[in-house]
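The data blocks that follow each hold one structure.
Common to both upcoming complexes is chain A, partnered first by chain B, then by chain C.
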Partner chain A sequence: MSLWIWNLIEALLIIGIAPLMTAFVKKLKARLQNRQGPPLLQGYRNLIKLFARQPVLASQASWLFRAAPYVIFAATALAAAIMPVILVDTPLTAAADIIALVALLALARFFTALAAMDVGTAFGGMGASREMTFAALTEPAMLMSIFVLSMVAQSTNITAMIDMVLTPELTLRPSLAFALAALVLVTIAETGRIPVDNPATHLELTMVHEAMILEYSGRYLALIEWANQIKLLLFATLILNLFFPWGIAIYPYTTAILIAAVAWLGKLLVLFVLLALFETWMAKMRIFRVPEYLGLAFLLAILGMLTHYILEVGV
Partner chain B sequence: MQPALLQQWVAVAAAMMLLVVFALLAQRHMRALLRWFALQGVVLALTSALVAFVANVPELYISALLALILKGFLLPWMLWRIVINLGMHREVEPLVNVSVTLLIGAALVLFSFYVSLPIEKLSQLVTRNTIAIALACVLLSMLMMITRRKAITQVVGFLAMENSLFFTATSATYGMPLLVEIGVAFDVLIAALIFGLFFFQIRKTFDSLDIEHLEDKH
Partner chain C sequence: MNGMFWALAAPALALTASVTGMLLFGLRDFQRQGVCLLLTMSGLSAVVAGITGLLAPQAVATLPIGLPWLPMHIRLDALAGFFLLVIGLLVSAVSLYSVGYMRQLADRHNLTTLYIFMPLFVTGMLGVVIADDAYSFMISWELMSIASYFLVTFEHEQEANRKAGFLYLLMAHLGGLLILGSFAVLYTAGGSFEFDAMRTAELAPTWASVTFLLALCGFGMKAGLMPLHAWLPEAHPVAPSNASALMSGIMIKVAICGFLRVVWDLTGLENAAWWWGGLVLMAGSTSAVGGVLLALQQHDLKRLLAYHSVENIGIIAIGLGLGMIFAHYDYSTLAALGLVAALYHTLNHALFKGLLFMGAGAVLHSAHTRNMEQLGGLIRRMPRTAVLFLVGCISISALPPFNGFVSEWLTFQAALMAPQLKGTVLSALIPFSAAMLALAGALAAACFVKVFGIVFQGMPRSQSAAEAHEVDGWMQLGMAIPAVLCLLLGVLPVMVIPLIDAVPKILVHATLGESVASSGWLWLTPIAQERASYSPLIVLGALLLAGCTFLFIHFRSGVKRRTALWSCGHPDLNAHMQYTATSFSQPLRRIFANLYQPHDKLLRSDYGNTLLVKKIRYQVHVQDLIWRYLYIPIRQITEWLTRRVDWLHERSIHGYLTFTFITLLILLGMLI
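Up next, the complex of A and B:
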């Protein structure tokens, strides 16, 4: 029973601090560009403001347009609840494996695209078509890179995968390095960061995600933005806990969980500093180069799988 | 260190070799290509030194040193000078789209794994796992040779293939006899010099390094 409570706390933690972490990246990027940047609590203020506002709907918007933000938020929040954050073995993780997690994110994406096309503006349709083109390339790459890990662990259960990485004796596995590289590339594409998409602007012809949610306002927009912030944190946690799980709590003791929470936050900060540095250093690439970039992620994942078979199975 | 861990280090080195060959295939710019080529030489030297340490074959240290000097520095430097002299720092022009080439490359890795499975069963060496990777590196370099338009990229492909063959020899039999290795190394050096002369001749005759011109018979 107490495990369910921990699971709930974990999910609420990841959902609760998502706006803060996104604001942290924004602030860091601003400081790197010699700007002051918004305060760290700006993420929460934006959400509160948007929730208080009355949403404006296009006259031809159907029920789907109004339902989509709730589906998107619910799917992303559920995916966040599946992910073990500070405790390895949570009940929801045992119930749903990593393929279910990817499927939940795909469901959120599907509804974003549907809602974008519902109102019938050119921008929404364009964004949806681009998003779906990229999705057809990111999802195989993401699943492949995760399959490398699940083949090593011989399970698609996230807990089993983390346990495998946590085994005390040191084993060098080049396939995991390939899988990590592929997953990092996929994460950048999935969360709409530079060089694939620019999260900071609404006014670019090459934008993907922002083009889809252009018609939203008020609480609908707040839900979608919040879901997006959760998604960024979720992917960061996925990378950290699958490849660098050291510090995570194995048993639900209070001290272990406190250590795990501190370790998780510390690793997250390091990762987001790297993200901010990377985004400041890179330029956004042309949209027609994105399929090539995602092809690279897919190739790395396949190489990870092949090196696992060639180099590690016999060892 | 335990033998299992040492074997894993060899596996890591082999994976690095594979990654570098794929990076060579994916490059678009001449200078970046040469930088990766130099890196391949350095990784090759490191791998040989590692195998020398793991398998306790001291001759391999000498071939590692040879690889480092010749393939890590001298050959890339010569090619670099030719590229500067010919004034070509533009894009590498592949015949086939880069993404397609990379996917063909992945299929080649699978193929070489399948082909070398029986060889691996016969071998008793520490490096037996890496034979498939080494074979894949040779095939990938060959793929690079046949999918490029410019003479100089084909030469880089050829030299990368030589590097991969060196790696194959290391992983299949702990290297060739030292005499043969030194001989091959100098052959490659001379070949690179002759290639350099050829580049200038091709350029002088056709005003371009595109080897399609060589197919014109009139």
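Up next, the complex of A and C:
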């Protein structure tokens, strides 16, 4: 039973600090660009404000438009609850392996795109069309890079994959380096960061995610924004725990979990500093360069797979 | 009463329905209700027979009809049982739907052709599945092909439909000929038309491969495997929607059944060469990606769904290919996994594709068009159809917690077992087809966002879409049955898989057995808990929680503030300013320009200055490249050859006598 409690705590942790971590990246980027930036708690303030506001709906919005934010949030939050963050082998981890985790995020995306099509504005259609196009290219790359790891671990269970990296016998595997590179590229695209999409823009003809949620307000917007923040944190955790899981608690002892939490936060801070630096350094690329970028991610994943077969299985 | 009784009752009832349809000519309402009722009963008998076939040991029977020296043999084993179940479920749902659908169709057409040939078509499909000798198999197969030809050419007033019908007939018979060829090889080896003799016959490896290739091409042509799919997107859209639901939902599955029967059962996988599975896997991957890419560029709703059938047959073939590869290297449990994944997808695809075609029929019925660019906003005019259609869209896009995801997940699990085949070329090919499967799944999601978004959401793009109305209760019932089954198959795979497990038992002599539910009924664990697990009920639970929260807040918060759309300050937005189906797929058209080779044309007229635009018209046309690179060259070669030999036909009587003489000489020479 205590495992379920730890699972709940873990889920609440990742859902709870998601606004803080997003605000941290924002603040850091602002400082790097010589701006003051919003305070760290601004993420929570925005959510509270949005939840309190009365939502405004377009006159032709259907029930799907109103229900979609709940589906998006539920699917993303469930994915977060499934992901082992600071303790492995939590009960919910068995509810979905890594393929099902990706599919849960795809479900959230499917409903975001449908909601965007609902009121029939050109912006919504444009955002949905681009999002689904990019998703179609991202998903194979993402699954391929994950498959490299699954083949090494001989499992798609996330706990088993983490255990595999933690085993002392793990030799240096070049295939994992390729998989990591591919997964990083995919993460940037999936979470809508520069250079694929710019999370800070509204009303640019190149926007993707923001174009889809343009018609939302009030609690609906709050749910979607929050889900998006969770998604960023989830992907960061996925990279960290799959490739750098050191410090994660194997057994549910309080001290081990505290150490794991500190380690996770520390790794997360490093990763987000890198993200902020990268976003400051890069410019957003043209929308039709994105397929090339995603093609690169796919190619890296394929290379990882081939390396695995040629060097590691021993033909 | 045993399963055999029900297995015979199903085709008998369907045949009765056909006769009823013929006899009650003129009594429109009785005719419709009688035929639909009998077909529903036939479907239900097939379901009962199917479940018995899966659970009970196999049963055989010999019918007192057929040729004098060859009575018809039938067999109810797990393979037949599974496909009877698939056929039965969809036939019952479609028959109920037809009660409503044919009523409105009757206002414009004389439906007697439909009443006669639709039940005959069902009879043919049931016959193929339970046949136990090559003769009954081919008779049923031809019955199925020819009856469906009349369904395709139902609206024969239009020339396009007649052309589609001809293409269908041509390819169906070419396929039939190839299948006959594979039986001929098996007959030579076994010395009898009965399947039992063929099963035990010794086959030389070369002849086994010949049988396999003939069967793959013959059944692949019917199933719509790329590049043999050319007839499918032409024929399926023009048939009445209830017939297209049957054709796309189950007829192409009957080809899968035939393939399993001839290659897995009769030829036997122990005779398989290593490249068989690889070939099936490659054909499957090509179909999966090619089908969905072409589907994305269609704006005719039913044609789009037809291309998706090509995609889904591809996914099924990937599962079968994996099974064949594993079986060849003696990993029979893994072969069972691949087969179960393929069969699960077969069942799923029958349900959601049937549902989607019925939904397309409902849209066509109330908005009078299949062209997506003329539709829009139907979620407000047809709320129930919209919900049911959405279920189909989520299922086919392989999203949890619906059924499409379960079977794709199982296929992924089978593909990820590839490292077991240590160091073969195939083991490196398998992950690549897994990537193709992922690509196909994600593209399908994009395509169904387009379908649902354009057809049901936004603003109506034409007058008839704005005046659409909800369909009647029969049609809603017909769509609701597969929709509910889609959800059930999505959340209870642990209960369904043990049922399907009987099929690998007879085909590869292995089952998934206990491992499926080794950690309790809540968790689906195809191999082992440590390897992978999935619990759809937890996903469903989370979504239900979200739904309840939504309803709670929705009813508590009361009045909503509604305003006009935000329009960047433009006075008002109209329906023409929305994204269209063509614009939705534009990014993909650009990315995959090499595969599509689109022809586009921009026509603009202005008031003397390019800035003062009067009208802009954009046309784009994407053709199936298979036509340009395969079918048209074949046609040209055939025409060239016929021109070379047509001088033979313009002889005098002496010339013909000479030919006869030479032929006789050659025949005599062969005798000696």
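Just so we're on the same page, the second predicted complex is superposed on the first by the 313 of 315 C-alpha atoms of A that agree within 3 Å, B and C clash if a C-alpha of one lies under 4 Å from a C-alpha of the other, contacts with A are read in each partner's own complex, and residues count from 1 in each chain.
One rule holds in what follows: a residue touches a chain if its C-beta (ideal position, glycine included) is under 8 Å from a C-beta of that chain, and two chains touch if they have at least 3 such contacts.
Just so it is clear, the model here is predicted, and its values are computed rather than measured.
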Look at A:Q42 in the shared chain and tell me whether it touches chain B only, chain C only, both, or neither; answer first, second, both or neither. neither
Which of chain B and chain C A:M151 touches, first, second, both or neither: second
With the two complexes superposed on chain A, say which partner A:T280 touches: chain B (first), chain C (second), both, or neither. neither
A:P291 contacts which: chain B (first), chain C (second), both, neither? both
Contact-wise, after the overlay, does A:F178 reach chain B, chain C, both or neither (first, second, both, neither)? first
When the two structures are overlaid on chain A, which partner does A:L299 contact: first (chain B), second (chain C), both, or neither? first
Which partner, chain B or chain C, touches more chain A residues: C
Of the partners chain B and chain C, which touch A:R130 in the superposed model: first, second, both, neither? second
In the overlaid three-chain picture, which partner chain does A:Y309 touch, first (chain B) or second (chain C), both, or neither? both
Which positions of chain A sit in both the chain B and the chain C interface? 291, 302, 306, 309, 314-315
Touching residues (chain side chain A, partner chain B) in the complex: 170-175, 177-178, 291-292, 295-296, 299, 302-303, 306-307, 309-312, 314-315
Contact footprint of chain C on chain A as seen in their complex: 54-64, 66-67, 70-71, 73-75, 77-78, 92, 94-97, 99-100, 103-104, 106-107, 109-110, 113-114, 116-122, 124-126, 128-130, 132-133, 135-140, 143-144, 147, 150-151, 154-157, 160, 203, 214-215, 219, 287-288, 291, 298, 301-302, 305-306, 309, 313-315
What residues of chain C sit close enough to touch chain A in their complex? 376-377, 379-380, 390, 394, 397-400, 405, 409, 412-413, 416, 418-419, 422-423, 427-428, 431-432, 434-436, 438-439, 441-443, 445-446, 449-450, 452-454, 457-459, 519, 523, 529-535, 538-539, 542-543, 545-547, 549-550, 553-554, 560-568, 573, 575, 577-579, 583-588, 590-591
Tell me, which parts of chain B touch chain A in their complex? 4-5, 7-9, 11-12, 14-16, 18-19, 22, 26, 98-99, 102-103, 105-106, 109-110, 113, 120, 128-130, 132-133
